[in-house]
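Given below, in the form of structure tokens, are the structures.
Shared between the two complexes below is chain A, which pairs with chain B and chain C, respectively.
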Partner chain A sequence: MEKVAVKEKRNFRFPLYVTKKIGLPAWKYWLIRIVGILGAFLLAGIVCTVLKPGTFGLFFSELFRGCFDFTDITTIIELLVLTSLLLLIALALTPAFKMKFWNIGAEGQILISCLVSAGIAKFAPSDLPNIVILIMACGGAMVAGIVWSVIPAIFKAFFNTNETLFSLMMNYIATVLGGLAVSVWIKSGSQSFGLLKQGIFSEIMGSTGTLTIVFAVLVFILVFFYIKKSIHGYEVTVVGESVNTARYVGINVKKVIIRTMIFTGAIMGLIGFLIVCAINQTFNDSIVGGKGFTGVLIAWLGHFEPGEIALFSFLAAVMEQGTTTAASAISMSSFLFSSICTGIFFFVIIACEFFSSYQIKAHHNKEFMNYYGEQKALRREKYSVQDQEVKAQYRKDFAAFFTTVKNAKKEKIKAESNAFKRFMKKVGYALSYPFMWIKARRTFNKQNNRRFSFPRLMKNIGYGITYPVFWIASHIRFAKQNKKAMKGENV
Partner chain B sequence: MVSPPALLITFMENIRFENITKIFGSIVANNNVSFSIDTGEVFCILGENGSGKTTLLNVLAGIYKQDEGRVYINGKEVNINSPKDAYAHKIGMVHQHFKLVNVFTAFENISLGSKTKYTVQQVVDLCNKYGFKLDPFKRVYDMSVSEKQTLEIVKTLFRGVDTLILDEPTAVLTPQEITHLFDIIRNMRKDGKTIVIITHKLNEVMEISDRIAILRKGEYITTVKTSETNEKQLAELMVGHKIDLNIHRSKIPTTGVRLHIENLSAVNRDGETAIKDISFDLYGSEILGIAGISGSGQKELLETIAGLNRETNGSIIFTNPKKEQPVTFFHKNIKQIRELAAEGKFHLKDGSRCDLTNKSNKEVTEMVNNEEIIFYEDEIIDLKYKKPIEIRDLGIKLSFVPEDRLGMGLVGSMDLIDNMMLRSFRKGHAGLLDRKKPAALAQKIVDELEVKTPNIHTQVKKLSGGNIQKILVGRELSSRPKILMTAYPVRGLDINSSYLIYNLLDEQKKKGTSIIFVGEDLDVLMALCDRLLVLSNGHISGIVDPTKVSKEEIGLLMTRG
Partner chain C sequence: MNFFEVSVSFLSLAIKFSTVFLFGATGEIINQKSGHLNMGTPGIMYFGALGGVLGERIYIMCTPATAPLNPFLIVLIPVLFAVIFGAFGGLIFSFFTVTLHCNQNVTGLTLTTLGVGVSCLFISGMPMDRMAEAGLQMQSAFPDYQKLGWFGEIFLSQSWFTYLGIAIAIATAIIISKTKVGLNLRAVGENAAAADSAGINVNAYRYIATIIGGAIAGIGGAFYELDKTKGMFNIADGIDAFGWLALCIVIFSMWKPLIAIFASFGFACLSILPSFVTGNDYITYGFKMLPYVATLLVLIITSVINSKKAQAPASLGVTYFREDR
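What follows is the complex of A and B.
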């Protein structure tokens, strides 16, 4: 029989561990989310400053102006149209997601609907009234959307294929078809599809897409009732939670899967129709522009609750439209920059989801904390080489100088005559506070002939950054010392 | 040096827990638990489900790390971070769910993961030493549950353990196998090994253990010597108040055959034959118990009757006791009533034949509403090939409390109201749900069965096992079923809730319901049921009267091939 020698006991364990958070109250959860949303905007601002130094304040003022310029109604309408579009996509996906049918083919489903409605609008006989062409385009788009979303559903229901891969692949087929159609439809000589001449919505309040908002509200109400109040919605939820339960209570699972995807496909068709006939009034194979995937993210972040989805659609729209305006103001590629910022937005919010369901904890160990405290004190002592009095005086002087800098800036803002600009400047002032502080500190150093000291700077930065590293390092050192002591005892 | 007397060695302290606290999120699994286990004793840890027994021993076996507190082995504090560390301290644990590689043989499973090479002879020697019955070349997938458990114990012993922890070892065994296991445990004790048994079964504790530690809701209550206590006292310590341990079986005469099952065969989800040639009759006002080793086809039998399993042979005939009862529109529409009347199934109040051919729909409706059309005989319906929804449409009041509560019977993330609707959600208007009646029903069940819940809008998964089961049983009983099928209804429940469920079933029996009760605890089955059907390997090995046979005889039936 095996004899296992009793090993040396290990005293070291990794000081941090991740545990699940249980019973997080709703207000705390939303607090984390709000902090995350604000953090996302702040981070976007910082990225902006890194790319083009000194544009931190400008970024925020332009972001705000691009979305909520109350002097120009068009910006607000455009923002609402973008919000509606994202909202519609996320709402269309919601019932399927509730059923745990991970349809990520929204992009293709919308594109194919766009293609069909563009075709109908372009080639419909011109003597038909506009409204008839519109209805035809809408109907055609819906049929196309339904076909594209029901195909993965049928395969899922009867052959149990993976709907995620299937719907993703359908996207590429749609893109190829879109490209093909454009190349066939374009007459030789012209470069693009060109604007549609018939089957389009007319301009309302400075935008052709204004009616999208109405449709979004209607679909919002429809989806809300479908999920919350209807028998179909109830069946969808039961199937999503447990197929076994559904079978047990006599729900036809295959029927529910296909029916729900028909519902999704119809809304997808409506979206495609709105994109072609209302918002863009043209067609190309990248007309959806990744909104299908953004919609998937929004539906997820909104926990498939229509209200939350509306909120996140709005925020994503603000981020996208605001950053596009900001990009042009600071002369950057607007598409690239807004993509980066939207990416940051989702990244930060998804990270928040992690922190709302998990928490990072440190192991409790009194002896170690005592040891750590001693080490910390020693370290502090090591770096406080300067005379304390000189340091105190310096701090006082700098505080006075910083106050004057602040006051000067405030005076400048007061002198601004335009109320809107004054408000924006105030916001910028508040947000750029830390940078102002750094700038003032540098100026103050120069004035007082206080030489720039690289070691001092590094010391300050290093102390901040290495704080957690140091914590872990001292833990290891503690464990080692402890082990030695134990050995000493044993001997 | 003078060696200490033998007695002192035997009762030397081996393992000591000091202020062990383990918290999962907001749930305190163990709170300040301190006690000690001596060398060479059989030590039982007794507690209800969810009292933190397994968590505590998992700390010792290195599966979990305690949040606070210390573990001492032979007087020295130890730090167990993994099962490997536990083996280094000669502690091994046999878990409730075995951790074996299915496609390997017994010998391969024993050799797996150890640095030294064993020979088959060593395995055979060890088995002979303690009395294990184990074929080293048998593959795990061919083994019965009891063989798997034996293999787990042998595997653990080969790691050179002195302290063996067994988590609920008797839950899946037949009475004969339990006796055998206890013999082995006694052999191991003679050899100087310490054995820790986690259990909630009082009679087994009294039979095997030397000392018993009692846990209640994560708190350590006390340690008692087995020789100085009795079952009643243990039960009181375990639950915290006095309880009545007698299951009530009311004696009432049975009514006619409700369900006639003949030569029923069915396959399971993997397409293997799960039950074959099952034939029995179920009478009104009786509880028919189904005993058997788990996985003998109990689940498939119930699912087949409930219409969830479509690939079946044989017949399931349901007799609806409708004789001399008026027909209603509740489950029959006018067309069906006309068809049945043409077949001669009805008669009128005065006893004459019912002829509806010359009557208009309006007249028929009036007659039905005045309860003039009366069934001539009991309604006989073949349930074979019928889906659950068709069975419901036919008005057969057949309720099924499945084994898997949250995976099948209820939806965990829905609230009480929505779970009440699972059976009745189709009764809405114009495609919209009606939540008023289910809400009233939920409130009624909460009040009547004393379900502990903040309100009826709470998610079901947030409630405890007992309360979840009460909701499920309450919902299934609310439709006043003619046949009630329950699979392991008390699994994972505390003693109070278990007895509440037993009483509910008995009350249903008094109301005339036929009940099929699949259970795992033979004592309960024998105390509660009127007849006991023993399943073995998918077929019936006997239908017995529990008052006339012994536990051992049933055990033999359970294992008869």
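What follows is the complex of A and C.
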């Protein structure tokens, strides 16, 4: 008896389930990602249109102009500088993330290095040569970055303190220290820190930050070899896979954690130094501006692979800079609009992650499919306003009419003598196919005096929208029916 | 003003501020108890604020321009909207982490970015006429509190949101520690695989906990946005600061809602202290830094002592997928 009870309880289950995708070919994986990236840009355009009607085209042209304006080299340099900044942050985080050390304190680690290098550059004796000040600032920033990132690592290694929360707190402490430094350093009367006069890079190709690109390339090569080819990188991967395995093969886990965070901190210091001395040449407590958090997102979405990280930093930079330009063109707050677009971008790509590593499957059952077929037929009857025969005839007539329309267009394309123009017309034909269909449908209805019917439209829409509900409902009904049948058998 | 009056007004203001922290912290505790490290709380509080402002705007648009506004509805409708918007934020988070198995840190940070952008953009574009009404209506829950002297000024002058927040925190504490539902929730947060094999629906618990937590955090955001300068919004100082501090309070109070009530009061004191104390920059910024340092100390001490009662839920931040076991 008990067995039956269990069976009855299990009768209905949710018809969909998620399972892992195994052996996804690389081209499919990249296809999903490319579709996702294009979808994210499209969605950003749609949001733009919703906020300010009629700006869909303007959004994309401004997005493009803000990033790839080939008449003005500075926009491209700026884009590359932003890309390399995000790339540097994500690369700095990568070894720690590979170790499953969730360091989200990039913001604070960079800010504290910014603070130290700004202090050194401001207060260094002015008779020193510029290059000495730069080296001092860089060294100081690196030390600060290492200190700020090694503190959570020490506590993680010795006391197993939660590193995510710890590094988050370190961010705020750095922000407060930054605010304090600005208010102490500025002279009474002036409101801001002002531009640095010494210890700065000079302008190359219209931007002071051009050298960041060089540093990014160097660090890219360094991190690539550190992770892929060095013993350290191998140890990091083992610790990330399983701490117990690492201990068993004789890796000193505490040492690995602290060493990796020193590596991270040194790169963070370099980033802080570059932000202050090269890109901005000034300092305030919001100078990092959330790039640390964006770096975390990029590193995770790039699967901790340097190549993918580079791609995503480029895309994120395009999104940020392009939407900033677009926002000013359609007179909206550029910070808010670009943060909305960045949010959408990351959400869409996160969703793509799901489709590349998992798949949704439905529980298929022959008996259910038979039952479902019957139900579907019944439902179709219920929703059809017209007589089925009339409907079939209408479909047939329309198909004939549409073929003539299509043929006329095709003839026109064939008549074109220029090969390139013919090709372009073919592309246009393919793109405008849905519109052509709608137009043909309308002309056909007009010709045949088939009037617009609101009930018919509502029923058609209702049929489509309520389809998933119907699907689940029929699952439940089927389960109930089974239950009844089973009870009958038992009695 | 003498010292006594100043301290009375200081404590009264601190309790008012602590309400925002308390809502955020209670919501986040419920989230974290289910194993969701929801870093989207600042974004969710922003969503709640947007809901509150939108609800009030809709109510004002639906009443004729000359008719008086119902003092009860003008508070209730924004709160309902805030609950719906906050719950929606929680739903987004749990959809991504539970159904799509995404990393919680990544989802949370993205949600915060999106929430700040969306809410600020819409709030700054909202028309302002008659919007101060809700802020005025929710000033104090009890009439004639001045008759009771300093006691009334501190404890009875508050908006009913404050009492609601404390009630929710106490109810949460009781539900988490005393009921079967709370036990199941803790089991899900500690060891999702074990909870699953014991027949607890892990996904449902995580969904519902995150949605309820989001709704509570949303009320906090709406309270701040509607009360701030009595309804005349400006977005210069953001709610996200409150959201991040609410995350600190959760750690500081060691995942216990009852301690969170006092912790949020303490944090509120520290965050309004700089405007009451005149001193040099070191003192002002020292006060600003204190909450974070205190949180860090609690985090370190609990992990050094390694006491089981004061630890984060064991599977905090870990997404659960049955096939991974």
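The working rule: the second predicted complex is superposed on the first by the 348 of 491 C-alpha atoms of A that agree within 3 Å, B and C clash if a C-alpha of one lies under 4 Å from a C-alpha of the other, contacts with A are read in each partner's own complex, and residues count from 1 in each chain.
Heads up, the rule we're going with is that a residue touches a chain if its C-beta (ideal position, glycine included) is under 8 Å from a C-beta of that chain, and two chains touch if they have at least 3 such contacts.
Treat the numbers as computed from the prediction; the structure is a model and nothing was measured.
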Notebook entry, point to check: Of chain B and chain C, which one touches more residues of chain A?
Noted result: C
Note to self: Quick check for you: in the superposed arrangement, does A:L87 touch first (chain B), second (chain C), both or neither?
What the structure shows: neither
Next item on the list: Identify the partner contact of A:T237: answer first if only chain B is touched, second if only chain C is, both if each is, neither if none is.
Entry: first
Notebook entry, point to check: Which partner does A:T19 contact after superposing on A: first (chain B), second (chain C), both, neither?
Noted result: both
Note to self: According to the stated criteria, A:F155 is in contact with first (chain B), second (chain C), both, or neither; which is it?
What the structure shows: second
Next item on the list: Classify the contacts of A:T245 with the two partner chains as first (chain B alone), second (chain C alone), both, or neither.
Entry: first
Next item on the list: Identify the partner contact of A:G343: answer first if only chain B is touched, second if only chain C is, both if each is, neither if none is.
Entry: second
Margin query: Just to be sure I read the superposition right, which of the two partners does A:W300 touch: chain B = first, chain C = second, or both, or neither?
Written below: second
Checklist line | Common ground on chain A, meaning residues reached by chain C in one complex and by chain B in the other | finding: 19-20
Next item on the list: Within their complex, state which residues of chain B touch chain A.
Entry: 24-27, 65, 67-68, 78-79, 81, 85, 87-90, 114-116, 118, 122, 126, 158-160, 306, 308, 387-389, 392, 400, 402, 404, 406-414, 418, 421-423, 425-426, 428, 431-433
Checklist line | In the complex with chain C, residue positions of chain A that touch it | finding: 18-20, 51, 102, 104, 155, 159-162, 164-166, 168-170, 172-173, 176-177, 179-180, 183-184, 290, 293, 296-297, 300-301, 332-333, 336-344, 346-347, 350-351, 353-354, 357-358
Check: Across the complex, what residues on chain C touch chain A?
Finding: 37, 39, 96, 99-103, 105-107, 109-118, 120-121, 124, 244, 247-248, 251, 281-282, 285, 288-289, 292-293, 295-296, 299-300, 303-304, 306, 312, 316-317, 321, 323
Note to self: Applying the document's contact rule, which stretches of chain A touch chain B when the two form their complex?
What the structure shows: 1-7, 9-11, 13, 19-23, 225, 229-235, 237-238, 241-242, 244-245, 247-250, 252, 364
